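Take a look at the structure set out below.
Letters A, B and C name the chains as they come in the text, with residue numbers starting at 1 for each one.
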Amino acid sequence: MTHALLRLNHVSRRFGGVLAIQDVSLEVQTGELVGLIGPNGAGKTTLINLITGVLKPTHGEIEFEGSKISGHAPHQIARSGIARTFQIVQPFPEMSVIENVTAATLFGGRAESFELARTRAAEALEQCGIMDLAEQPAAALALAQRKRLELAKGLALRPRLLLLDEVNAGLNASELDRAIVLIRSIAAKGVTVILTEHLMRLVMQLCDRIVVLHHGELIADGTPDAVVKDPHVIRAYLGSKFAADAGRAETAS
Amino acid sequence: MKWGTTAAGLVLFFAMLACAISGDNYLIRMATTFAMYSTLALSWNLIGGFTGYPSFATAAFFGLGAYASGVMELHGFSLLSGVVVAGFVAGFFALALGALVLHLRGHYFAIATLVVADVVREFANNAESLTGGGMGLNVPLRHGSPHSQALFYLLAMSLCAIVAIFAAKGVFKSRLGFGLRCIAQNEAAAASIGVNARAYKTAAFALSGVFPALAGAVYASWVTYIDPTDVFDVLLTIKPIVMVLIGGSSIWFGPIVGAFVFIVLEEFVWRHLLNFHTGSLGILIALLIVFLPGGLRSLIHPHNVFQRLRRARP
Amino acid sequence: MLFLQVMADGLLLGGLYASIAAGFSLVWGVLNIINLMHGSFIVLGAYLAYFANQRYGINPFLFFPVAGAALFVIGFVIQRLVLNRVIGKTVLITLTLTFGLDLVLSDLMLQAFGADYRKLVLHPSLGLLDLHLVVIPLDRLFATAASLAATCLLWILLRSTRLGRAIVAVRMDAGAASLMGVRAEAVYAVTFGIAAAMAGLSGSLLAAIFPISPLMSGAYLAKSFVICVLGGLGSVPGVIVAGLLLGMIESISSIVVGPNFSTTISFVLLLSLLFFRPNGLFGRRGFE
């Protein structure tokens, strides 16, 4: 039996008195496009931080491609094939766009030389459609462009798993459409994607599978249709009244 | 840019040569001081400028080097072996210290390094059997006339500076330098794209400690008498920082320019305000920081300085 | 009993330390500046009290508010004219600037007062409070009481007055505060003035007990560092507790290894704290 690409085994994370992530177990197979949703404060970013090594689990283990990665440093995980974007974009502001991505190809992407790194960086910029901005300082970019830069840096790591943390927040309608196309094309190339998202329509459009987090617990995991009708999910987002209504509607049909 | 730096380098070289052949011991001494501070500023810039970690430990490394070498020479070893030992002692000390403080940022890092310098000074003060304590250490005198000695130390200190130049330039152009710049601009992002921040910071910090120690070693031999307040003087930390602020931290040779400007200015202060020397130095530092926050580049665009002053009201 | 005496000495000393560090913590927390002049402000306050006593016979326990007022003006002016230009700038810039300014202040004091230690002698001497188990010098008791009173007053100011709320608001978020109509500039100047005032009045109280010299500024600065890191930034109760703690530690170590190592011991404590718990025992995370 082949390993799941990513496996979380009863992962918990405590901050002082608060249990931010409670006993989350999850398996993601290669090629999936998973949406990670949940109300604000549910722990989505914390989960991503746990996977990428920014935080260590208080309990439980995380495995990637069969080997344990929980407890590894972020840079090690970046070099092992997992890339992430940050919710609040984190460029290197004083460097040009292409330098930003070259850093990623050089260090995480393990390019053998500066020249090779730069060439690969240009490819990533092309893929994200911002090659024309290559020489601009990262600080001068508009938000949508910064998001693409963030994405390009992630791709530059040649990841097998890409974690997108609210990569679409703040984009307008046409930018969103372009973003969807881009994410689909990335997934089509064989990259497994987990994306956290607030916008339901995006998640419904893009993802074959949705995982729902609430107060750090996994409360639903399934196809978009199933999840949307799940009373636990509805209660989490809209309150018990709507959950009861949905439950009754389900029983009636 | 390349021709500019080569030209500037040549000018500097000839200026130093001119001091050397002038026969004026005073000029030679100034040139030696310039070489010393260039070394300190260049190496500080590795951790302070490139990496963005404001280290206040320079004096600690300098003093360690001075004592390591001084003690070696006292026991009959050559200056060269003293210098080498100084480098290793400081390097290991920097590695150990780095493991303790490099997880700190900003003010906390600055204070920690400042405090370490003080603790090391106290240690030197109290380890009397090794260092002579508060009564100081007498380093054996070299043979030769004052003039030939002066030339020798100018050469020795210039060698320290040249080594520091190679290191600074090398780091600047290397993968390490690129990584340090990433760390300086956004450490979390750097880690997320594969930069081993801890290893790189440690390397930069260790390097920033080695070269001041070499300079300290030469210094001990040069002045032949050292004591803790002298070689652990906090001004040995502050002046190189001001020099880098003047000359610019983002290019590897900025510190040399800053060192040159500062020493010339300080010379002016020395000559005219001897009584109030420390205070005048303080005024100099304050003026430089307030009016040249962007370093010398502000002078090239003077209108920016006034804009900045007007805009400085938050 | 030696143990009780050492504890009592430590508490008396520590209470005095609270007002020394409170101003330092305020500037660091609100302006995000580590004020390397702080030690010199304390020493200046001490000299003002000394000369007021020498020339005019004024008791330092009456004079200390005056010293506070004088230092308030000095601090306010320095902030308005110089420090205001570097608000929000990097650690390097602010630290080096206050260092430079301290060089000036120290040298001026050295020129004016000389390096010799001076001792303010109270006539008549206040004497001792003999409680059988412990003996408490009354001058220390008054100094500590005054110091704690001033610190508590500061705390009340921060919590209950409009000015205090403005200061706290600016500390938390200067941008948001200015959107609410708080003039950050004015707050910075007043805050720095208050901090200098605390330093000045502490210095006056110290002058009643200890010999003074410009060479002492470093030691007081060092203690302020340690107390702030121990107690956490932006927390007045934290400063008080940390001050008491430091006083105790110094009192004990003075018996164990002698009085010369007090600064070194506080530094080692500081380094250990920075390594293990940089946010101190109390404070919310201050600015870095």
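The definition used in the following text is that a contact is a pair of C-beta atoms (placed from the backbone, for glycine too) under 8 Å apart; a residue touches a chain by one contact, two chains touch by 3 or more.
Everything numeric in this text was worked out from a predicted model, so none of it was measured.
> What are the two chains with the top count of C-beta contact pairs?
Answer by contact count: the chains B-C.
> By C-alpha centroid distance to the whole-protein centroid, which chain wins?
B
> With centres defined as the mean C-alpha position, give me the subunit A-subunit C separation in Å.
Between these chains, centre-to-centre, one finds 49 Å.
> Take the average of all CA coordinates in subunit A, do the same for subunit B, and state the distance between these two points in whole angstrom.
45
> On a C-alpha centroid basis, what's the spacing between subunit B and subunit C, in Å?
32
> Give every residue of subunit B touching subunit C within the complex, in rising order.
So the residues of subunit B touching subunit C come out as 48, 54, 56, 100-101, 104-108, 110-112, 115-116, 118-119, 122, 234, 238, 241-242, 245, 275-279, 281-286, 289-290, 293, 309, 312-314.
> Over in the complex, which subunit B residues touch subunit A? Could you list them?
Subunit B reaches subunit A through residues 175, 178-179, 181-182, 185-186, 188-198.
> Spell out the residues on subunit C that touch subunit B in their complex, using ranges where they run on.
For subunit C paired with subunit B, touching residues are 28, 32, 34, 82, 84-93, 95-97, 99-108, 110-111, 174, 184-185, 188, 222, 225, 229, 261, 263-264, 267-268, 270-271, 274-275, 278, 287-288.
> So in the complex, which bits of subunit A are touching subunit B?
52, 54, 73-76, 78-79, 83-84, 86, 90-95, 103-104, 106-110, 114, 153, 156-157
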